[in-house]
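Both complexes below contain chain A, partnered by chain B and then by chain C.
Moving on to the complex of A and B:
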C-alpha cells in the first residue's frame, strides 16, 4: 500500500462516516426552517452567539448542549437494561453503516490505479442497504419491548409491523430496477444513468421506472417512519411511541439515527432514480475531457450567483420592525463577507485547474469534487421533499397504512416487474 | 493473520450464541443469542468469499426471520411468571452431553486426520452475485425452480390455513 492508497482509504471512510453525521445538523435545521416556511412563521431565530444566529443553525448547538447535560433517567421498572441501552445504538449504527456502499463520485483514476468512491469498496450494493434496513427493526423492537410501557410496546409493534410489511414493496420495486440496470452494484447503476435517452433525456431511473420511483419513495417514507407514516410516534395516541421512556443522550441517539436514516434513504433514492452523482447531460468522460471549459464557466457563474445570494441575505436578514442601528444588518454584512471569502477561495481553486494539464490528475480530482457536490445537492433536494411531505400531509390511520402497503403497492410492484421484464426482453 | 483472528472470533461468537439460545430462560435473551449466531455465521461466509450467501444470511435469516421471531415475542409480551417451570433442565442437559460426547470425540478425530494443506482464495469472482446467478440459472435451473415451488406450497398452505379459521367463525 502506497501513501496514496492509505490517503484514499482515509478520505473515503471519512466522507462516508462524517457526511451523514454532518447532515444530521443540516436535516434538523432544514426541518425547522421548512416547518416555519410551510406554516408561515419564522422558525428558529433567537438562539445566538454574540448576535450571530446563522439563520437558526445555532439552535442546533443549544439543543445539543441541552441533550448532553440533561439527566439520563433509566426508570426503575426497566428490567432488561442491556437491551434498553443497546436499542438506540442499533438504530444509529445501522443507519450510518448502510451509507457505506453508496458511491458519491465516479471511480477515480489516479496514477494508473482506480479507486471506487464509496466507504467500503464492496460490490454488494443494494443488498447491503437492504440488510441493514432490516437490522434497524431490532432497535425499534428492543426499545419498545424493554421500555415495559404500554405506549412503548404499542409504538414498537406498530413500527416493526410497518417496516417489515413495507420492505416487501420496496424489495419488489428494486427487483424491477435491477431488471433495467442489469447490476446490483450502485456505482454501475449510477454510471448507467449517465447515458442519454434518445440523445437528449438523461437515462435516469425516474424516467425509465416512474412507477418504481413512486413505490420506492412511498416505501422509503414508511421505512424511515416519517409522516405520513409516523404512526409509531403518533403523539395524539401514543405520546412518543417506542422512545417514550428515553431521555437525554439515549433519546438523542434515536433522534440522530432517524435523521441519518433520512439522509441515507434520500441518498439511495438519488442513486437509484436520479442519476446519483452524475451531473445532468455531462458524463464523467465528457467532464474530464472538458475540465477547463467547465471550470471557466463555473468561474463566471459562481460570482454571479453569489451576487444575487448576497442581495437575498441583505433583504431577508433584517428586523421585522424599524430599529436604530439594526444589529441584523451588521450580522448580514458579516455573513456576506464570509461567503465572498469562500467564493474567492473557490475561484483560486478553479484558476489552478485552468492552468493544470489537460486530462491530468487535477482534472480527475476536479471532476470528483464536482460530482460530490452534485450528489450532495441532489440529496439535499430529496431531503427537502421529505420535509415538504411531512409538513403538508396528515398522518394515515393504521389500517389505511397496511391496506396501502399490501393491497395497492404490492400488486403495483408485481405488475411493474412483469411489464418491465416484458419490455426489456422485447428490446434486447 | 487477521483472517485467522476474525475466523476464531466469529466461530467463538457463533458457538456462544448457540449455547446462550439453549441456556437462557427468557425467550428474548434466547432470540438475541440466536441473532448473534446468525450474524457471526454471516461473517464466516464473508471470510469464505461467499458474498451472496453473506448478504442473504444477513437479509433473510438475521434480518427477516429473526425480526419476525422478536416481533412475536414482543407481541405475546411474556413475563417471568408466564414461563414454564423447568426443574429438571440441568439433568436433561447433562444427559444430552453424555449422548453427544462420543459423536463429538469422533468428529474431533476425523478433523485431526484431515491432510494439512494450504487454503487459498478461489479466484475468478467465486461466490459473487453474478457468478452464482449464472450457475443457478444455467446449470441448475430445474432444481432451483422445484425448490421455489416448495416455498410456494408453504405460502399457499399458510394462506389456506388462515382462511379456514376465519370461515369457521
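Moving on to the complex of A and C:
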C-alpha cells in the first residue's frame, strides 16, 4: 500500500464521515432561516460573536452549548437504561454509516490506479443504504418502548407501521430503477446518468423514471420522518412522540441523526434520480479532456457571481431601523472581504489548472473537486426541497398516511415496474 | 324569519384535486414566492425589530397599573374598596387608614397589586369613583426574577407616571 493509497483512504473516509456531520449545521441553519423566510419572519439572527452573526449560523453554536450544558435526565421509571441510551445512538450511527456507499465523485485515476470515490468501496451499493435505513427505525421503536411512556410507545408504533408501509413502495421504486440501470452499484448508476438522451437531455433518473421519482421521494420523506409524514413525533397529538423522555445531548443525538438522515436521503435521491455527482451535459471524460476551457470559464464566472453576491450581502446585512454607525454595515464589509479572499484563492487554484498538463493528474483532481462541488450543490438543493415541503404541507392523518402508502403508492410502484420492464425489453 | 342557508362548495372532490400532486405544487409555488421575496429583500419581512423598535401603545391599551395623585402630590385614592371588591382575580389588597392631609377621612395605608394574579381586565379602573387607579402607564412587559418582585406596593404604584397626555386619556373614553 503506497502513501498515495493511504492518503486516498483517509480523504474518502473523511469526506463521507465529516460532510454529513458538517451538513447538520447547514441543515439546521437552512431549516430555521428558511422557515422564517417562508413565513415572512426573519428566523434566528441575533446570536453573535463580537457582533458577527454569520447570517444566523452562530445560533447553532449557542444551541449546541445549551444542549451540552443541560442536565441529562433519565427518569426513574425507565427500567431499561441501556436500551434507552442505545436508541439515539442507533439512529445516529445508521444515518452516518448509510452515507458510506454514496459516490461523491467519479472514479479517480491517479498514477495508473483507480480509486472509487466513496467512503467504503463496497459493491453493495443501494442494498447497503436500504438495509441501514430500515435499521434506523429500530432506534426509534427502541426509544419509544424503552421510554415507558404512552406517547413514546405510540410514536414508536406509528413509526414502525409507517416504515413497513413505505419501505415497500420505496423498494419497488428502486426495483424499476434497477431494471433501467441494470446495476446496484451507485457509482455505475451515476456514470449511467452522465450520458445524454437524444443528444441533449441528461439521462437522469428523473427523466427516465418520473413516476419512480415521485414514489421514491414520497417514500423517502416518510422514511426520514419529515413532514408531512412526521406522525411519530406529531407534537399536537403525541407531545414529541418517541423522544418525549429524552433531554440534553441524548435528544441532540436524535436531532442530529434526523438531520444526517435528511442529508443522506437527499444524497440518495440525487444519486439515483438527478445524476449524482455528474455536472449536467458534461460527462467525466469530457471534463477531463476539456479541463482548461472549463477552468477558464469558471475563472470568469466566479468573480461575476461573487460581485452580485456581494451586492446581495450589502443589501441584506443592514439594521432595518434607524441606527447611527450601523455595525451591521461593517460586519457585511468583513463578510464580503472574506468571500473575495475565497474567490482569489479559487482563482489561483484554477490558474494552476490552466498551466498544468493536459489530461494529467491535475486535470483529474480538478474534475474530482468539481464533481464533489456539484454533488454538494445538488444535495443542498434537495435538502431545500425537504425544508420547502415541511413549511408548506400539513401533516397527514394516520389513516390517510396508510391509505396513501398501500392504496396509491404500492399499485403505482407495481405499475411502474411493469411499464418499465416492458419498455426495457422492447428496446433491447 | 327563516334562516338563510348558504351552501358552500365542497373542495377536494374533483380528479385534479384528488391527484393531490398538482395542488401540492400550487401550494409550494405560493410558499416559494414568499421565501424568494424575503430572500431578495429582507426589509419586506413582516417583522418588528423588537426590542430596538418598540410597539406603539394606544391610549386605551390596558398596561400596568398606577395610582394617580392630586396636583399637590397627595394620593387620590380614598380606600373605598370598590376596585378590590370588583376585581375578578382578587389581586388587589387594600388596608385603609386615617387620612391626615385633610382632604377626606380615609386613605390607603397599604395598596398591593399582585401582577401574577392580575388578568388586566380593567374592572378596577372602571369601578373607581375618583379616577384614582389607571392602567395608562404603557408598560406591557412586566419581568422579574422572583415572585415578590411582581407584587406592587403603594409606593411603586405612585412612582409610575402616565405615558399619555391628560386630554388624550380623557378622549380615550376612560
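Rule of thumb we're sticking to: the second predicted complex is superposed on the first by the 428 of 428 C-alpha atoms of A that agree within 3 Å, B and C clash if a C-alpha of one lies under 4 Å from a C-alpha of the other, contacts with A are read in each partner's own complex, and residues count from 1 in each chain.
What we mean here is this: a contact is a pair of C-beta atoms (placed from the backbone, for glycine too) under 8 Å apart; a residue touches a chain by one contact, two chains touch by 3 or more.
Everything numeric here is computed off the predicted structure, so don't read it as measured data.
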Touching partner for A:388 - first (chain B), second (chain C), both, neither: second
Which superposed partner A:40 touches (first chain B, second chain C, both, neither): second
First, second, both or neither for A:422, with chain B first and chain C second: neither
Which superposed partner A:320 touches (first chain B, second chain C, both, neither): second
Residues of chain A contacting chain B in one complex and chain C in the other: none
Residues of chain A touching chain C in the complex: 34, 36-42, 214, 312, 315-316, 319-321, 323, 388-389, 391-393
Contacting residues of chain C [partner chain A, same complex]: 21, 24, 27-28, 30-32, 34-35, 38-47, 49, 52-53
List of chain B residues in touch with chain A within their complex: 28, 32, 35, 51-52, 54-56, 58-59, 62-64, 66-68, 70-71, 73-75, 77, 128-129
Complex contacts: residues of chain A adjacent to chain B: 80, 83, 122-124, 127-128, 130-131, 134-135, 137-138, 141-142, 144-145, 153, 156-157, 160-161, 164, 167, 184
